[in-house]
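Notes follow once the structure below has been shown.
All chains are identified by letter, namely A, B, C, D, E, F, G and H, in their written order; residue positions are counted from 1 within each chain.
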Amino acid sequence: MTDVRLLTGGEAVAHAMRQIDPDVVPVYPITPQTPIIQTFAKLIADGEASTEIVNVESEHSAMSAAIGAALAGGRTMTATSSQGLALMAEVVYIAASMRAPIVMALGNRALSGPINIHCDHSDSMLIRDSGVVQLFAESAQDAYDLTVMAPRIAEDARVLLPVLVCLDGFTITHSAEPVSLLPDDEVARFVGPYRLRNAVLDTTRPTTQGPFAMPDYYFELRRQQAAALEAALDVLEEVAAEFELLSRRRVGALEAYRLEDATRAIVALGSTAGTVKDVVDELRDEHEAAGLLRLVSFRPFPSAAIAAALEGCASVAVLDRADSPGGTPPLHAELAAALYGSDLELAGHVYGLGGRELHPPDVREIFRGAAAPYVGLRGERCPV
Amino acid sequence: MSRLKTIVRNQRGVQPLRGGHSLCQGCGVPMVVRTVLSTIRQPVVVVNATGCLEVATTRFPTTAWNVPWLHVAFENAAAVASGVESAQRVLRRRHALPAGEEVAVVVFAGDGGTYDIGLQALSGALERGHRFLFVCYDNEAYMNTGVQRSGATPFGASTTTSPAGLDSFGKAQRRKDMTAIAVAHHVPYVAQAASTHWHDLSVKVERAVAADGPAFLNVLTDCPVGWGHEPKLAKQVIDAAVETCFWPLYEVVEGRHRLTYTPRQAPVEEWLGSQQRFAHLFRPENAELISQIQGQVEADWNELLARCEEGRM
Amino acid sequence: MDGMTEIRWHARAGQGAKTAAQILALALLRTGKGVQAFPEYGPERRGAPLRAYTRVADRPIRRHDSVTDPDVVVVLEPSLVHEAGVAEGLAPDGYVVFNGDEAPPELDEVVVRCVPAQRLASKLGSGFVNMVMLGAVAAELGEPPLADLQDAAVETLGRKVAADDVRRALSEGYAWLN
Amino acid sequence: MAELSTWESLPIAGAVRPSGAPRTKTGGWRTGEKPAVDVSLCVNCLLCWLYCPDSAVTLSGETFTGFDLEYCKGCGICADVCPVAAIEMVPE
Amino acid sequence: MTDVRLLTGGEAVAHAMRQIDPDVVPVYPITPQTPIIQTFAKLIADGEASTEIVNVESEHSAMSAAIGAALAGGRTMTATSSQGLALMAEVVYIAASMRAPIVMALGNRALSGPINIHCDHSDSMLIRDSGVVQLFAESAQDAYDLTVMAPRIAEDARVLLPVLVCLDGFTITHSAEPVSLLPDDEVARFVGPYRLRNAVLDTTRPTTQGPFAMPDYYFELRRQQAAALEAALDVLEEVAAEFELLSRRRVGALEAYRLEDATRAIVALGSTAGTVKDVVDELRDEHEAAGLLRLVSFRPFPSAAIAAALEGCASVAVLDRADSPGGTPPLHAELAAALYGSDLELAGHVYGLGGRELHPPDVREIFRGAAAPYVGLRGERCPV
Amino acid sequence: MSRLKTIVRNQRGVQPLRGGHSLCQGCGVPMVVRTVLSTIRQPVVVVNATGCLEVATTRFPTTAWNVPWLHVAFENAAAVASGVESAQRVLRRRHALPAGEEVAVVVFAGDGGTYDIGLQALSGALERGHRFLFVCYDNEAYMNTGVQRSGATPFGASTTTSPAGLDSFGKAQRRKDMTAIAVAHHVPYVAQAASTHWHDLSVKVERAVAADGPAFLNVLTDCPVGWGHEPKLAKQVIDAAVETCFWPLYEVVEGRHRLTYTPRQAPVEEWLGSQQRFAHLFRPENAELISQIQGQVEADWNELLARCEEGRM
Amino acid sequence: MAELSTWESLPIAGAVRPSGAPRTKTGGWRTGEKPAVDVSLCVNCLLCWLYCPDSAVTLSGETFTGFDLEYCKGCGICADVCPVAAIEMVPE
Amino acid sequence: MDGMTEIRWHARAGQGAKTAAQILALALLRTGKGVQAFPEYGPERRGAPLRAYTRVADRPIRRHDSVTDPDVVVVLEPSLVHEAGVAEGLAPDGYVVFNGDEAPPELDEVVVRCVPAQRLASKLGSGFVNMVMLGAVAAELGEPPLADLQDAAVETLGRKVAADDVRRALSEGYAWLN
């Protein structure tokens, strides 16, 4: 009775949206998010869902309208990429602080400049301090699953935060893969109705939302938000467990792939993990104790679980698909903090910026410790 | 006076904006808020752009507001309102809201949040046709941050970023004509009003809320601090703006222009002379500027009259 | 990777290579295979050279890099042999399925299966050059069965095209290389 | 800061309900003068009420009753707009 | 002959701008940057400099106009804070990638929400991957000095990047302190003329600037930018040395304060460093081997110099004036990466969000290792 | 034909936009670029907003441009141009530029980068009075990203985000009237033009560049892909827009409106019928929509005529 | 990717000088038809030149000379706008 | 901190406390001291209670936290004793300089120096209450010398005010507590 289709990640997300049938979707087009919103728009135009799509005039307004809609009392979703996320960055922070449980699909794409439409994670990383939940999909199936799970995490009373489902631009958004869809009614039951405690449209119990906070209260209000993110880690696992009952697929905060007895491990996000898994299998066949730690949840960052998962390893290579010029790349820095004081050797690599490919031979080099800090860059010299 | 009694009655004993806020002594904004909100009979939700009104009324954990109130940022009030309005529309369609009167969505934004940084969100919302009322309280500068020039600041006014000085006579550009820009969006209702012409303002609010689509109200509102006048002279100063034709009162209903008040066409000096920000214009070397301003006011006024004529054709 | 077949499609934007790559994947998915189908994207518009890919394997496909050394290259647009490096990276035991009556000199070094798809499509009157080529590719691959391919194509192309024309184009190509 | 709430006890997102919220008594902002009314002159036009920036003109139903000096900032606008000069600003 | 005045940090920056007399200053007001632009506007209105101020309609346009002006061939400066920086974030990345040597003063202020006007560093941290240089001032004097030095760093042929001079909102922007100004002509000579190789207004040698880059070139172009940031570290020291000859004051990438034989150190940015110095002196008087590492340059991050400076310490407390909910605070994460594999104990503290004060007793607690992760937060429990 | 020869001569043998770009076969944009740039006699700097023109002409390390060309982002072309223009002004004042003719600053932006996401930057630049020419090549949708609805998309058009479907007839809102919005900014020169009316367009460019301040040109430009017509029918399709009064050609000089071409007022079906994006409107159940469109076009046309009359008073 | 430049050898910020820049030969985009002119009919109006999206109509000074088939994408617009039907689209 | 004096000014926004705090710092700077002057900022407007601070020390001042336990509190606006906690944190050996003829009961527990600045300023006819208070504070502190203070004030207040009035107001206050 499972409904397996050949869908791009973008289409898969659009189908999850159709099944969730949110109240409001304010959205602005940008490559490679377009397959999501075009597929969804067509489904709506044909009456397969009845969401109110608000075709706003910029991404700043997309997120602003999403906040308005979500706090008014409507379940709200949106989607963007790259420059779109950068343009709405200001309001993403505010959405998190106003605790608006908006679900947003992010087709990861390199930030300008130069302008480029292909995948890297610089857009996600731009808002890593904003207080939103960020979950990375490895495949179109993952993108679907996480989108279905997302409202449950976002709307949990312990969380109440925006949840971003990140899918690699083109590699996931535009690649057709087998995707198993849940029945419509099961999704509807799984996500349940949207219930907000302080809906702005409830004029009988007025609230002042988005007040000014001076030094006497700002810190405390921010701390609340950090606590919500900490709670999101538990909630994510709970929702993942429940989702597993339904789907027999489990997507939690992280996936340890053949890590049990691994001595060398790679840590990676997103679609690259699939490529790494193939190489891990090959190396295992060659009797090399290689393993992969795939992070699904980058925010909240599951530090303790990561440290535990990597405990037996001797060395870890962390793959950043984003740079921080003049500083430490984001994932590398997080790993350094999470593993600080351990004996693990840690090597950081930046790869895949602006859609540069990472092929299995590159992955092998990384496992061998023979890769340059910038993997796949022309003109890069290996460290001595 | 019956309109004012109606306004009082609409409040049902609860001031939408209560005392205890920290706007300046004599600030002109609250009376605009009162006139607008109390004219509206149905329940309201207020969306507020960053600015004096917002900052000074909601210092956590206090609040001066007694109606649902939402603030997100400076430049996006119209977009936030789009979201609220869309949610209401779909929730009513889906029967997810208690039956009852439709909630009026009202935005308050200063001129900065309307003419400049908020223009695009407003323009987009007008194009999409959301049903909401956008009220710009236009005090002609960024007051909250200390009286900086905005697109609404009149030619020749001294502000902290267009200061009059040895080499400068204040703002060198004419003001953006925001009301005309809103009109060019072909929305059902647009009007220009002035805070102290409260009756006119109240009538306009009524029409705006009844309109089947977006409505835009541009309300000239005094700021004693930024304009440099005694707070209690608010009425006199604003009246001067109206009577000199610097700020004509009119409305545009489905594209048709109509004057709602006939000013006595006083010389602009009456308006300019009432405020410190224009004081330097009265120095002898700036005499030419004043006649330039008079000329511009007259040209704009004649253009407006022509538009009103056109409407009558 | 063991048991994986990688196919690269060459065409001009607008000639239906992306769709063909996807239909093949869908039909193979229905036969229980692991599949993937994706085009390459750039700022180029209708008329520009374009590549698309299909991957097939006996187990779920996880890798997410592009195809560098295809087992099969399909040339939908013959003129591309001049500009697009169609044989680039072709696996040693790989082959090219070429739209034309005979292989052009540029492909002298590699194994070429010719399918006069343009001519066959014109004959059929429906202009489905991509479907003729797709049918031929399936025949050469030995999978999926023609009927599955036809079903997948009709489903993918939807209401806007005549299902019979699609089926006929596929079987014409299938027959040519079978 | 001992009297202020801890982070765990604050309302989510700092959303404030007007009913319970504290309000700042801004009466202290007056700088020497306060409004005083001669009720016998008052024609109950309510203009003072409409204009008061601090919502400090009090009513009973629709009838003017006076000033709430806890909030009145002493701007003098009410006195200025009263059509019958029933209000005067007087030293505190 | 030194001209010592009592100036706020904002005024000090404005005076540096007057002395530099840049060609174009596109700017949009926001607290607490306003003293800078208001003072500068007044100086221009009175004819003390002849810069073209462009009073734009938003910060997004401020940075956009700055890019246009700088690449056209004009020396360009601007200033912003908080939401302003957030709104222009998209274009800050592009300014860096287009290698526009814009100098920007940043009055550090907490990001919304809730909205707050006081100091923290969340705004700076938002753009830490953007590729700009970020220098933090400890005092009004520092703010002046760094502003005078900034064009030299920004415009150096090895760098060509935007340089941000960060000054703590209110604490520096609005506090009056003694500031020693250099003579006008010395500043003019120090900064020299603005010379751009590919000025857009040079119509005889047209260039295409801001092209589209596909996966075949994007990575390489980004790598160039990272190299420019690496080079900025050397250039900063060179310029600092030259500035020292002029002023007898030296502001380099970092300042080691009584670190030589310290066993416990604090690492901090900005005005807090001054408070820490006072406590260090007290502790030294009490025979405690305390020290401070003040970072002036956060981008480029001087990892090697930091590791060297902290080598003798046993434990280091890093003070972040910004949080990363669900993750590691920015400075902490950088330190973890810089010190990874060393024996140093590293403790991270978040403090001062939204203008929360940090007083000497708090600093003592931190030195004692007795402070909670969130210092000065109400309701925070100390770790067990 | 002498104007065309002048255009050719202005080029001095160098095409500002050369072949080798990857715009679609038959794209309507390049001829607008050619007409605009070659009409201008002085040296130019081009600022380009993100969109088809930008993306398809500058794939690194290639470039199709032969004049200084600057691209920063999608929404800020007018702000970037403000910076370039300001730099030119101050550098000339400071004698830091080689003496010689002033460089004309020309912006090219699509309708998305003008009506929607770029509106605010444009509005601010118009208010500040920079001397530059902003050319919107209006192809009525976001083409670069795959034909999504924009503020410029006409009522009833099917796009990928306003698709016609079982429950939908395409875009439900009327198009934003960007030319009117620009006019409301009271800048010296505003005009509406159409790509294939090249002579009219060229004359307007000449006037625009001569204006003492900002100039705005809104040029209807066909997109065979997004509109759904054969590339070679460009002229026929654009002519239909003009002749049906859907897209009147006019200019507004210092506030005075003037028609620059008298259309034959053909029925809108002529325009709608020429493109695939309107095909669904011709289904019987949508007949009402077509007369609604005809009504709107006529109302707008009459309003424009009234404005032109007014100018003559 | 061996033929492409290394990061150190690229122009700063990717600023490209048109003079040295490679250009894509888009003549291959034509799908079967190319323009052909009957010069004897041509009245040298230059409309084809003005309209050509690919700058593929060649001139000598101000005189029409033909087409640059390296760039011509074969859209047929030149043939459509030629007032004297001097241009025809013909099979390659 | 050794050798540091911290002064807190209480007034309503608009009464010139920020300026007074700054003038004091400037005059002390001129005498070779380390100084700092800053107000507290909030969303409150003209009329609201406001605090400003001056720090003085024998060496450069580096700390950048607010003043919590001032050595001297200056109350420019007498009504503030009801609402603003003016004696809060006052150092054990600290004192309050109060604008009034006699100390209000709220300040019973602390040392108060009264300066009837309102009255003195009215008498002078110039309304410089803040300058009168500033003069008195300097006298009480024992520094800076009156002339330095006067110069600093005239320089800071600029052309817009009458220099003589400023000087007189300062000396009036100075004399009162000297």
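As a working rule, a residue touches a chain if its C-beta (ideal position, glycine included) is under 8 Å from a C-beta of that chain, and two chains touch if they have at least 3 such contacts.
Values in this document were obtained by computation on a predicted structure and should not be read as measured data.
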item: Interchain contact steps from chain C to chain E (minimum; 1 if touching); value: 1
item: Joint neighbours of chain G and chain B, given as chain labels; value: A, E, F
item: Two chains joined by the most C-beta pairs in contact, as defined above; value: A-E
item: Chain B-chain C separation of Cα centroids, rounded to whole Å; value: 63
item: Computed distance of Cα centres, chain B from chain A, in Å; value: 42
item: CA centroid of chain C to CA centroid of chain D, Å; value: 78
item: Residues of chain B touching at least two other chains; value: 22-23, 25, 27, 55, 58-61, 63, 65-66, 71-73, 75, 115-117, 119-120, 123-124, 127-128, 151
item: Set of chain A residues in contact with two or more other chains; value: 55, 57-58, 60, 83, 87, 90, 94, 97-98, 112-115, 118, 206-214, 217, 219-221, 223, 357, 377-380
item: Shared interface positions of chain C, touching two or more other chains; value: 42-43, 47-48
item: Residues of chain F touching chain B in the complex; value: 115-117, 119-120, 123-124, 127-129, 151, 173-174, 176-177, 180-181, 183-186, 255, 303, 306-307, 309-310, 313
item: For the chain G and chain E complex, residues of the former touching the latter; value: 1, 4-8, 10, 12-18, 21
item: Chain H to chain D touching residues, read off their complex; value: 12, 47-49, 79-80, 82-83
item: Chain B partner contacts - residues on chain D that touch it in the complex; value: 5, 10, 14, 16, 18, 21-26, 29-31, 45-47, 49-56, 59, 62, 68, 70-77, 79-81
item: Chain F residues touching chain G - in the complex, by the definition given at the top; value: 1, 4-5, 7-9, 15, 17-23, 25-31, 34-35, 58-66, 196, 198, 230-235
